[in-house]
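Below are the structure tokens for one structure; questions will follow.
So that you can tell them apart, the chains are marked A, B and C in the order they are listed, and the count of residues begins at 1 in each.
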Amino acid sequence: MTADPHPETTEPGASAAPLGVRLSAAHVAWDHRVLFDGLQVELAAGRWTCLLGPSGVGKSMLLRLILGLEGANSDSTGRVTCSDGAGLAGRAAFMAQDDLLYPWLTVLDNVTLGRRLRGEPAAGQTRDRALGLLADVGLSDQADAFPRTLSGGMRQRAALARTLLEDRPVVLMDEPFSALDAITRVRLQDLAAEMLEGRTVLLVTHDPLEALRLGDAIHVMSGRPAKLDDALAPQGDPPRRVTDAHILELQGELLSRLTEAAGLAEAAGLAEVVK
Amino acid sequence: MTRLKFTTLAQILSVAVLLAAAPTQAADKMTVLLDWFVNPDHAPLIVAKERGYFEDAGLDVELIAPADPNDPPKLVAAGKAELAVSYQPQLHMQVDAGLPLVRVGTLVATPLSSLVVLADGPIKSVADLKGRKIGYSVGGFEDALLSAMLEKAGLSLSDVTLINVNFSLSPSIISGQVDAVIGAFRNFELNQMDIIGKPGRAFYPEEEGVPAYDELILVARKDATDDPRLPRFLSALERGTLYLTNHPDEAWQLFIGAYKDLDDELNRRAWADTLRRFALRPAALDAARYTRFAEFLKAQGLIKTVRPISDYGVELGRGEL
Amino acid sequence: MNLLRPLIIAAGLIALWQAVVTVSGAPPYILPGPAAVAAAWIARPALFLGHGLITAAEILLGLGLGFVLGIMGALAMAYFRPARRWLLPVLVISQAVPVFALAPVLVLWLGYGMASKVAMATLIIFFPVTAAFHDGLTRTEPGWIDLARTMNGSRAAILRHVRIPAALPALGSGLRVATAVAPIGAVVGEWVGASGGLGYLMLHANARIQVDVMFAALLTLAVLAVTLYFTVDFAVRRTISWQPETLPAND
């Protein structure tokens, strides 16, 4: 089942121009420990911002705070504003480490999940768009398959298609490729960079190379309460080549920042916090 | 002189040893399975036990209440207990089904089962039951009683609706869910209804076309009738019955002394009503009466053959006291 | 469906039964052998089928009602905190009280007809369904809920499209347990006061010392229960075909 990929599926299209996002006065306390307080994060419009840091520092909490998802047992406050003055509600899409495909739905039904949840009729046009996206991510043959028959990489690709069908200007991703093998990871990084072009993306990752390949602004989060350092801004457009000398140079810089962050974490006696 | 002292000492010592040895001769154990939880119907047994008559007969009797009333005869037939309190009608059916049981004694020598209606209800005679609902407990034999009683009144089972109410005989008639109940014990359910304030009127089967029978009997395993404990048991039981007959009030005190939770109005009334119904001669067997009842059961289709009484009833010889 | 396996199991059980009878020397009025019971059945098949139909009807109605009430109870407890606080202890008590204590009360309210038997069966059936379904509803994979919320799904939409489908395997589990205990509820109801059904037949036959008939009725009940269970199991597995079964034995 093939359909011509519709051009508007890879660009914000009829929806808003690239949206900048600012999170300010962010406060998250988890289990009576303050993870961060008075934190501020800027997501540049239409660009990829990457967030790295040691486990337990609060990266995922930050992402969830922006999305408006409370964590269990956490006390989080913060103000999220967009560059056009309005809030972020309904304008952000989410991808997690787990593909979150519902096992009882086919791939196609999973991709069109948003429509179903909002009670909008899954009209023919939506279906065509979904099939087009599936073709773009290379899953046109799997439209009627169930998630359990797909490999990890294929499932994340389906998740990507689902994210794209939502057609939202901001996309927040929490380690979406970390569960995949190296080759698949690189392929999906390329695919994501291509398909999410023009959207504002926040990518939480613990892979410095991934951050360097995809990020326009890379922050390392460290300490408790956590703080963000100044952004590292690689040159060139993502996805960048790993063999690029500039990238290799920045990798050293990034690694030293991460090592410092890890040291701070040990000093602060951070226990393994489930994000 | 020393020799005399020594002999005397030896004699004293040997007597002392013999005296010491005598109590170690244990009484014979016997297990009696009751038909239901302890109640005034078992008075002769309780009195015999509490007055020490079993002990006098060298018996250590244990009375056990069953979980399922249908079990005791089967357990005795299987050799798990020496005696069971059972019902004469059931004995006929059990023997017909091949259980190796024999009646060795009688506890209650009249029927207790009755047809009970509300005293202030519309039913004044058995004939009034036409088109009515009658509750019964699954005893396997109530419909035969009822059928005979209805027949005498010119009705048949098809003229009434039978509803199985199991153990809730009194509640079902008091609440009006049925118009009459069959299988209610005249010494129990009638008193129960009276105490609650809804007195009943009873029609007695033996007055309405059913041959008289023993409500409660003692049964033993067929091949164990020569057990020497049985005649001793029955003698002790007779002593208990006699005491009960001569000293009913003292006997009641003995009863509630042993079973404090039975000291209530219902049991007190049931005790009084049952006193005159106990078999004064527990071991005696009226063969013709049993055969007459067997013929009644055969006519009702409850048993296939009328056996000679010697197959399932015996009068045991007296034991030494 | 492989018929050979059930036949072998049945043959094995019958052989075991005969062995127990022979070795223990149990008399026929306590434990009849398979031959006697089979003879009792063959002599009057209409009797057992007729009463079997009555009990089957009670079980099926009880299952249906228990299933619906179980689902409603689970939804109520999952969505209304007061329901969980006040309803749950009551439900647990309803299960702890032995049924023979409740049965006469039910009979008093509902009479001696089928209503009280269905009520008994429902009482025993609904709790496994409630407990399992409630568990399933409240233990939905958090990531799935997160995703649905970022997609602006309403509470009702999340219930309908996420929680309920995700809870179906748990519901299936609860339904299986309920199906296994359903016959007990129906039979106990019949023991309290009935004029038909396999429980009633067993009671009646026992009182009349027709032990072979009692066991034949018991056997009919057993076959009924097993057939019902495997039918429900099959239906559940078909409905939840999207969940793969991974047998630990294959690890």
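Following the convention adopted for this analysis, a contact is a pair of C-beta atoms (placed from the backbone, for glycine too) under 8 Å apart; a residue touches a chain by one contact, two chains touch by 3 or more.
In this text, all values refer to a predicted model and were calculated from it rather than measured experimentally.
Listed by label, the chains that touch subunit A and also subunit B are C. The innermost chain, defined by the distance from its C-alpha mean to the mean of all protein C-alpha atoms, is C.
Among the remaining chains, the Cα-based centre furthest from that of subunit A is the centre of B.
Rounded to a whole number, the gap between the C-alpha centres of subunit A and subunit B is 85 angstrom. Our note on geometry: subunit B versus subunit C, Cα centroid distance of 40 Å, whole angstroms.
Each chain gets one centre point, the mean of its Cα atoms, and the points for subunit A and subunit C are 48 Å apart. Residue positions of subunit C touching 2 or more other chains: none. Residues of subunit B touching subunit C in their complex: 70, 74, 77-78, 90, 93-94, 96-99, 138-141, 162-168, 171-172, 175, 177, 302. Those residues of subunit A lying in contact with subunit C across their complex are 64, 67-69, 72, 89-90, 92-94, 96, 98, 100, 102-104, 113-114, 116-119, 146, 148, 166. On subunit C, the positions that touch subunit B within their shared complex are 26-30, 104, 107-108, 111-112, 191-195, 200, 203-204, 206-211.
Contact residues on subunit C toward subunit A in their complex (touch as defined above): 141-144, 146-154, 157-158, 161-162, 165-166, 168, 240, 242-244.
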